[in-house]
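Let me begin by presenting the structure, written as structure tokens, before commenting on it.
First chain written, first letter: the chains are A, B, C and D, and each begins at residue 1.
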Amino acid sequence: MKKIINDPDQVVQDMVNGYIAAYPEKVRLIPNTLVLARKEAPIKGKVGLVSGGGSGHEPAHAGYVGKGMLDAAVAGEVFTSPTPDQVLEAIKAVDGGEGVFLIIKNYTGDVLNFEMAAEMAEAEGIQVEKVIVNDDVAVEDSSFTTGRRGIAGTVLVHKIAGAKAESGGSLKEIKQVADKVVANVRSMGMALTSCTVPAAGKPSFTLKEDEMEIGIGIHGEPGIERKPITSADEIATELTNRILEDIEISKGNNIAVMINGLGATPEMELYIVNEKVQGILHDNGIHVYRTFVGEYMTSLEMAGISITLLKLDDELKTLLDAGSEAPAFRS
Amino acid sequence: MELDVSRTIKWIKLANEKIQMNKDYLTTLDQPIGDGDHGINMARGFQAVVTKLDEEDYQEVSDVLKDVAMTIMSKVGGASGPLFATVFLKLTNALKGEQIINQKQFAIGLNEAVSGLKQRGKATEGEKTMVDVWSPIADLFQTNEEVDHSSILQTASNALEKVKDMMATKGRASYFKEKSIGHLDPGAVSSYYIFEALAEVWKGASK
Amino acid sequence: MKKIINDPDQVVQDMVNGYIAAYPEKVRLIPNTLVLARKEAPIKGKVGLVSGGGSGHEPAHAGYVGKGMLDAAVAGEVFTSPTPDQVLEAIKAVDGGEGVFLIIKNYTGDVLNFEMAAEMAEAEGIQVEKVIVNDDVAVEDSSFTTGRRGIAGTVLVHKIAGAKAESGGSLKEIKQVADKVVANVRSMGMALTSCTVPAAGKPSFTLKEDEMEIGIGIHGEPGIERKPITSADEIATELTNRILEDIEISKGNNIAVMINGLGATPEMELYIVNEKVQGILHDNGIHVYRTFVGEYMTSLEMAGISITLLKLDDELKTLLDAGSEAPAFRS
Amino acid sequence: MELDVSRTIKWIKLANEKIQMNKDYLTTLDQPIGDGDHGINMARGFQAVVTKLDEEDYQEVSDVLKDVAMTIMSKVGGASGPLFATVFLKLTNALKGEQIINQKQFAIGLNEAVSGLKQRGKATEGEKTMVDVWSPIADLFQTNEEVDHSSILQTASNALEKVKDMMATKGRASYFKEKSIGHLDPGAVSSYYIFEALAEVWKGASK
């Protein structure tokens, strides 16, 4: 394991300390927790936004704490959901009297821990609403699964719900717009290499030298197919088509595109993929309103990418364009 | 048989011993059809539980169970943390106010616990989870006036045997679908240890 | 070689196309070149800023093209300086009548090609000034070398010179402030793994499983020492101390800190390093005015980091804080 | 001896042949003390030069040399691109207006070329670069009234021999310091091919 760390059991604590040290004027650490909150939270009259999950997906989620996006992020151990008491602390830290909205990625652990925190908060008189993001089309949604996984599309929920909250939206209005994003956002990923959880010390899985995995999850959960590496164009085509098979995006529709790097992929490759994705969308008469290329939801040092498409209406466009001062998503 | 504060503490400590002893085994079970952290999660959580129990003086069984629930909640994490926390919280609420718990009360508590567990996990029997151990045990207490330690053991190990052949449709193991058949579910096995511990305390208590 | 590309010989062209496709409202491609320019360039009355160099350092340099930073970036082949005719095209594309300022990293190839372009531009009546960035303290500056290499500190030159240009600074004033940044900025890096140039198809060098290289260059040029991996704290200490030995930063001084990832390093590790760096600076009574953590100057998929410190005065502070709309450096 | 348009073109084409033939060798030389692209850079550039020369009709030697310079400039890249472009540009400027170049004129041109090269690269003799081939050749023409092809060859290969033992202080090779001693400099070797080609044309022309 080649990592620049001190102690595998302390990586999350060390990271959180380093994060606070980087942006002391923007974020603060809730004492005795791994919760990072906006310096000025709770903001009176504004609904508080909380997200979080296992660590290892940086800049998710702490990087999205800031004016116009989240009010707090809860960091669990690497790839492990944070516990309800931590989430509760986050909720309490950002409640400005108008309630708190939770953005949860659809993993059993995340859902259970956040839901439990929500109940505890409600018991303390704080109104809580939530959205569960399940944008990954790789794992099908059926009665035989716990549903789709939540991946990079989550960041667009943060952005849009955050803008709604910043503009004075009520808990109900935020819930409505977040539901709309979840209904309209789809993603799919692929990987060339595994990643290594510091505490485990060895790669989570292995791929052969010429092999890639299509549909992989952000913790290395199995995808839908392992096969020899194809070209950037073929990869872009396969992922984009799977997404377009899943959600109807018609000629003339406006969308946002996110090309997300999983950790070790050079930005050069993200742009090479972007060219093909934009070409396919153009050929389908789909209008790309905005494009995001970069690392938004990573899996430690995994090499690979995910593609996210979000169908936009006028409301979503406006909220997507609204200002954000979160370190990892400036607009 | 009756449960008082000291027997309840003994139960939990015995469960912890079994979990610590089988930490690596539980983790190994979580590797092929999960993410390989169940033993680590449970060992960390139950160790903290025992530390907590040693610090406090308890008057009521429900106070013990409440600390068990809250410590599990804040120390286990993952999917199993809130689930085990829920069962102990439901037990706590059902047994509140009683200094000594008789079998009938315990049966009611277990029933509440299983309902809470199923609700929290949106799971039901047959989905290859800890529910498939908790539910048969609750049934056992529900339907028998006099439960002895060997029937607890028997019910728990029968339940585990059945879990093996189920296909997972909840939790991380559900990603593995058919591949999960033939494997033991880690959360079901750690639940088994909890009832193995209960059976031993029950035996002592019945004497 | 595991890469998401189409043709190793086309990676730069494909990347540039994908970049334009991502930000069509912000940048344009100068026809028949690999030069990306601000959509609105040339801007009458504003000095044009041009940088560039070999590709493979993304987001450098195209990511820094935008209001408040560069007017154009020239992309060479991977790790190969662009040719003078390309640089000349960039100069011509951004000259708004007030001259053009070139920001060059100190590599013989870059210096020669940019200088030659400058002479050609002057022959066409365009006033040109330049700064050569040499922030890497790993390679000593002596009569026996071509001088220090230019690495991540270059991005801070872009930022500050860009702000000066945007605020209406003259070519001479921009030159002065850029020289000031170069005089006050120092960096040093280290790597855990090599990278693979697509056209070469195999890693540029190899490090053993437990080995790191201190002082490595951004093209994999030799550093000063190979040794067993130490902890994040020790790495942070070694690099920071080397920098502090090279430039006098006194108690009470204000500085900017940049913790830069070389490509494959998880952001988590950058923040872990940041915590230690900030601690050392704090212990030395040095005041950190701003911190930048992320990927600013990469080496394809190399795992490793660099640390940059920039001593600030009031002018540099103001310019550092000024707005930037470049996709890779929003402020 | 005199150089006209057709001999100049022949010179450059011969140089290209040698560079193409030794492309891998030049790259190999650039690996231990550089970045392993010199052969690729030179082969790409000189191939483009020859393509360009085939497209045009030339009246003056300097027109040929100007296209050589400009094509090298836009196609070679790296450090060697602008350096080789500079030498051919300086030759162009020195020989402008002449249809036939005599040895004295050529000597003046070479002298300008070496000054330009040294200025552009901020290098001088003894720094293990192409300068250490170009400079002795310029001296040869400067100090001898009648240069024959074998003296060109001799001077160039002597120069190369000396380069080997120098320590690099310019260009990428300078990062390797003492380690560069004993290695041939790739840019010096490609310069050697250029003069080997010149010697062959010179020989033909002297007959």
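FYI, contacts are C-beta pairs under 8 Å (C-beta built on N, C-alpha and C of every residue); 3 or more make two chains touch, one makes a residue touch a chain.
Bear in mind that the values here come from a model prediction, so they are computed numbers and not experimental data.
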* Asked: Which chain's mean C-alpha position is the greatest distance from chain A's?
  -> D
* **chain A and chain C: spacing of chain centres that average the CA atoms, whole Å** => 29
* To do: Could you give the separation in Å between the centres of chain B and chain C, each centre being the mean of its C-alpha atoms?
  => 57
* Structure fact -> Taking each chain's mean CA coordinate, chain B and chain D are separated, in whole Å, by 82
* To do: Identify all positions of chain A at which a residue touches two or more other chains, and write them in rising order.
  => none
* Scan chain B for residues touching two or more other chains and write them down. => none
* Asked: Mapping chain-to-chain touches, which pattern fits: line, ring, star, complete or other?
  -> line
* In the complex, chain B residues that touch chain A -> 35-37, 40-41, 70, 73-79, 81-83, 85-86, 120-121, 169-172, 174-177
* **Residues of chain C touching chain D in the complex** => 76-77, 79-86, 107-109, 112-113, 115-116, 139, 143-146, 199-200, 217, 219, 221-222
* To do: Report the residues of chain A in contact with chain C in the complex, numbered from low to high.
  => 2-6, 11, 14-19, 21-23, 55-56, 58-59, 63, 192-193, 209, 212, 229, 231-233, 235, 259, 263-276, 278-279, 291, 293, 295, 298, 300-301, 303-305, 330-331
